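Next come two complexes, and both contain chain A; in the first it sits with chain B, in the second with chain C.
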Partner chain A sequence: MELDALFSCLTSMSCLITQTTSGLIIGMLFFLVAAGLTLIFGVLGIVNFAHGAFYMAGAYFGYTIFQFTGSYAASVLGAGLGAAVLGVLFERFAIRRVYGENVLLQLLVCYGFVLVADDLVQIIWGSEYLSMGMPPAFRLPPFFVAGGVIPPFYVFIIGIAALIAAALWWLIERTQYGRIIRATSVNPTMVSALGIPTPLVYLSVFALGLFLAGLAGGLAAPIRALTPGMGFSVLIISFVITVIGGMGSVAGALVAALLIGLTRSFGSIGFPLFVDGMMYVLMGLVLVIKPTGLMGREEASRP
Partner chain B sequence: MSVRNKISRRRFLATSAMASVPLAAPGILKAQAADTIKVGMPTILSGVVSILGESSVAGAKLVFDEFNAQGGLDGREIELITRDSRAKPEEAAKTVRDLVNGEGCNIIIDAEASSGSFAVQEVIRGLGALCLHTVSEATPLSADPKLHVPTAFRSARQGIHDAIGGGAYAAEIAKEKGLKRWVTCSPDYAYGRTTTAEFMEYAQYFNGDIEVIGEAWPKLFQPDFTEVITRILQWKPDALYSALWGGDLVSFIDQANLYALFGQMETFSVNLGDYPVLKAVEQLPEGLRSGNRYNKSVPNTPENNAFYDAYVANSGSLPTNWSWENATGATFIVEALKEVGTDDPNQLAEAIKGRTIQSPFGVDGTLTMRAEDNTLVGYAVGYGVTTPQEPFITDFHTSSWDQILELEAEWKKRQGFA
Partner chain C sequence: MTNQSTKTVLMVIAAWVALIALPSLGHADKITDFIVFASAYGLLAMGLNLLIGYTGLISFGHAMFFASGAYGFGALMQSGAFAVPVAFLLSIGITSAIALLVGAICVRLSEIYFAFLTLAFQMFFHSILLSWVEVTGGDNGLLGGIPTPVFFGVDLSNHTHLYVFCVTVTLISILIMHRIVNSPFGYTLRMIRDNERRAIYLGVNVFAIKLTCFVLSAVFSSVGGIIMALFVSGAYPDFAFWTTSGEAIFMVMLGGVTHFLGPLLGAVILTGLNDVVITYTDHYGLFLGSIILIFALVLRKGVLDFVQPHRKRSKTKTSAEGASHAET
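Up next, the complex of A and B:
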């Protein structure tokens, strides 16, 4: 424990600025992955252990599109859409068959997909580390604000992630489609009885969740080494975020992701050898105090 | 009996004989396969570090293919049997048992990461096969006499050698540039911790002014290094040492570039000088101090350049540190086979012990398997300075093996290993 260093950081404007922005960027990138994970669980009741594989697929799609077009915007969009299309195929041919089944069977299907995806990536892109490199527009020196360091690329990522969070909120809370999603997550039988094709709802939610995972992979590609299997480490933290925020709650995922980001950022100053441990302690505390997570619902019907 | 019938019978016999060839072929092929010299190779062929396994296999294969093309051992070819351990030590141990007991391999090339190699070493102790550890750099594997197995050898680098050479180099640069406040950032597992401790021990041994003011230990395969990078910035050090490697090192450099970290401190990275890393980093900063892994210009000899060309032509990828280490292990096996004429593990071990081979990777054109602890000496150790274009590492400073061996002997005494 280096509590004196933490105290000194909390009383220093430069350290506060640097660590807060680093906490925000860590949190926001994890939020994008966790948002899709929690959305899929909330509506479909599927714990998608293959979610990290779609993050990986998004990163590789983004990398390839960037190689051909040189456009970061196109690569990010392509990453999200590519992962969504893959997600549609995965839902149609695999996941749809295990809705409502034992979680172990779902886990087996997802794990099988992860192995296939990792091997396919290795066959298509090879096992060497790939790096997209920073898009030229962001090859800028960092901002120095009151002694704190803020990379321009991270300002962009935080802004984009915040926009996506707002768009998700609007989609779920303010649109007809959002009302159908929410209704389906509570009572799919009644939604079906009203003439709404619930299989299509499930498919679209699955695609949306994986679009977010792919988008996160594409956004992060300039700062992450691309390797087969890279989705696994992201998946673990995303699950922690989902549990803390409440399974099924997108708003909860945002709060939890920021909490985890700031814990990791300031934790690296105050308890550098226990940063990961602190994350799990936080999860344990939330589970003890509020077992449904910070913003989770008590219970919901499942398809 | 008609003529037609006679001809038909001949035809029948001929046809039968021809038809029997494919039926008999598996037996013939099996007999040939049984006559090969089987070399088992557990390694990591899937997941985040599958490049380790792929480049290890390619390195060994290059040597074995050449041996087979030259007629093998009196016609007996080497058959390389690879298995994916998925980076799990227990899987590596199980695989070695299967390769020896099930496949009949008397020779094992252990291309596992350190945790797997320690498990393999104990399996080899029980089975008595010949084993070449071709990847693990963890010093105790061959330095600790309690772990010694007479038929097990290391053809990989050894952490303590790089630490002494790197420490001497770092101390010299520190004196020259007044670098006193150091921080470290290395992966949080056995390799990262021992390598870092050994490097800093020798940096301080050669320069008493060096002080370690902070240590960061990111987890292996951690996706985001932001909190580690900002922590390093808060320490405001003069210099940074890192034993990060592979994809983690690529991510670290990409993310640290955003904070202009490398402009604020002198950086020493022992694992940066590997082609896949150097090529992957799109914006490789100039002036980083990099340890030698594999580079075709270190040593800059026609033999080393020829190895690079042959490797690229054969595998379609660039050689790594693991490539030369496995090619070296394979060369020791081939040389020993030629000498003893059998794949008996004990005879091969006797032939490898203390053996010196001609090698493109030796500083003086040779490599020796030191008899006292079955480990490799004489390979290129040292540091250079990064440059964004080929050859990526310039101004290479080769460490003196006299100094390395002298200090290693003292270190072993201190550890109770000698």
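Up next, the complex of A and C:
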């Protein structure tokens, strides 16, 4: 424990700003992954254990597109769309067959998919660490705010992720499509009785969730090393976030993701060896005090 | 009942004699290595099935206890202060303590939360194994071999002694598990699995029963870990990695959750498959993943689930939560 270091950081403006920025970027990237996870759970009642694999796929797609086009915008978009297309195939040929089955089969299908995906990535891109490098447009001198260092790329990522969060809120709360998916999460039978094709709703929500995961992978590619199996730790952290925020709650995922992001960034100064541990302690506390999560509805804990 | 248990004991003794005699048929080292390996994973899977098949709790973190057994035993033996049986019991004690703590937090939760929370604890445990270098050796694991001083005339550095010891420990564990699942406690587990609310109305302390089962399950899995540590004379962080838990779940499903010995059969099949695959390809994940996908999407049932009497099979089909049913 280096609590002295943490204390001196909390009292110094420059350190406070640097760590808060890095906490925000970690949090916002995790939010994109966790939002998809929580959305899929809320509507389909399935925990997509393979979610991390789509994050990984997004990152690798982004890497390759960037190699060919040199355009970061194209690589991010391609990452999201590529992951969504993969997701559609995965839903159509695998997940659809285990809706309503017991959790064991669902977990097993996802587990098999993750093993295959990790190995395919290794075959296609190799097993060594890949680094995409910073896109030229962001090779700018960092901003200095009150002595704190903020790379422009971080500002961009936080901004984009915040925009996506707002768009997601608008989509779910303000559009016809949003009303349909909210209704489906509560009573799919009634929704299909009203003439809405629920299998299509499921498919689209699944694709949307994986689009977000792929997007997060593509966005993060310049600042993360790419390796087969990189999706797994992301999945675990995203799961912790959805539990803290409340399964099925997108707003809860945002709050929890920022909480975890800040915990990780300040934790890396105060208790570097216990950063992961702190995360689980937080989750344990939430589960003991409010098992449905910070913003979870009662129904969210239905079996 | 007494008649039944005599029969079981006799069968276990017969199995013991057969297993001890088996290596004399030839290819001794290959056969004994395989059996020891399969029994280590078999105990992990059978322990896990106490939760999955009998209680309906899907733990995705059982590799944690496999590893705590291996590391606990290995570290205690390397300290040089303990005899083998003492270290054996102490490492079971350590595992029980960890399981009690993790279980107390997890068993209240409904299925998917339970699965992921156990998984999260396992990853936490894995990260401790990697970072607590002084005790666990970090990335490298427990190196330098595990010393096994002679006790009661048993010398575990001798290959034959090790084999007999592992087979004996495995069979005794299986016998104890068999007693557990056929006791009133075992039937209470099945009742909780089938209808938790009814169990509560009947005055069963569901939390206490689930927690007890969680600890017992962890203990048997850790015995598997101890056997593994003895066999490889070390302990590695991979023991606690999530893929080990995933494989254990697959063993349970592959052999069949509805049968007491299903997970053991699953462990034997998967271990045998591993041996073959690894000699032909580096892309083990691709192969295993495809097998799992085919299994989960097409077969959907373990080997022994198919050989159940017709009566029981139709009963399983009618209930909504099909595959998590165990009958013995």
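One rule holds for everything that comes next: the second predicted complex is superposed on the first by the 299 of 303 C-alpha atoms of A that agree within 3 Å, B and C clash if a C-alpha of one lies under 4 Å from a C-alpha of the other, contacts with A are read in each partner's own complex, and residues count from 1 in each chain.
Assume a residue touches a chain if its C-beta (ideal position, glycine included) is under 8 Å from a C-beta of that chain, and two chains touch if they have at least 3 such contacts.
As the structure is a prediction and not an experimental result, all values here were calculated from the model.
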| item | value |
| --- | --- |
| Joint occupancy of chain A by chain B and chain C, clash or fit | clash |
| First, second, both or neither for A:147, with chain B first and chain C second | neither |
| Touched partner set for A:277, first chain B, second chain C, both or neither | second |
| Partner chain(s) touched by A:114 [first = chain B, second = chain C, both, neither] | second |
| Which superposed partner A:197 touches (first chain B, second chain C, both, neither) | neither |
| Contacts of A:159 with chain B and chain C, given as first, second, both or neither | neither |
| Which of chain B and chain C A:47 touches, first, second, both or neither | second |
| Partner chain(s) touched by A:264 [first = chain B, second = chain C, both, neither] | first |
| First, second, both or neither for A:70, with chain B first and chain C second | neither |
| Common ground on chain A, meaning residues reached by chain C in one complex and by chain B in the other | 115, 118-119, 122, 232-233, 273, 276 |
| Footprint of chain C on chain A - complex, ascending | 47, 94, 97-98, 101-105, 107-109, 111-120, 122-123, 232-233, 236, 239-240, 243, 247, 273, 276-277, 280, 283-284, 287-288, 291, 301-303 |
| Of chain B, residues touching chain A in the complex | 46-51, 53-54, 215-217, 219, 221-224, 226-231, 233-234, 246-251, 254-255, 257-260, 276-277, 279-283, 317-318 |
| Residue numbers on chain A that touch chain B, as the complex places them | 5, 9, 15, 18-19, 22-23, 25-26, 29, 115, 118-119, 122, 126-134, 139, 141-142, 149, 151, 153-154, 220, 222-230, 232-234, 237, 264-265, 267-269, 272-273, 275-276 |
| Chain A-facing residues of chain C, complex | 52, 58, 60, 105, 108-113, 115-117, 119-121, 123-124, 127-128, 131, 242-243, 246, 249-250, 253, 257, 283-286, 288-293, 295-297, 300, 321-324 |
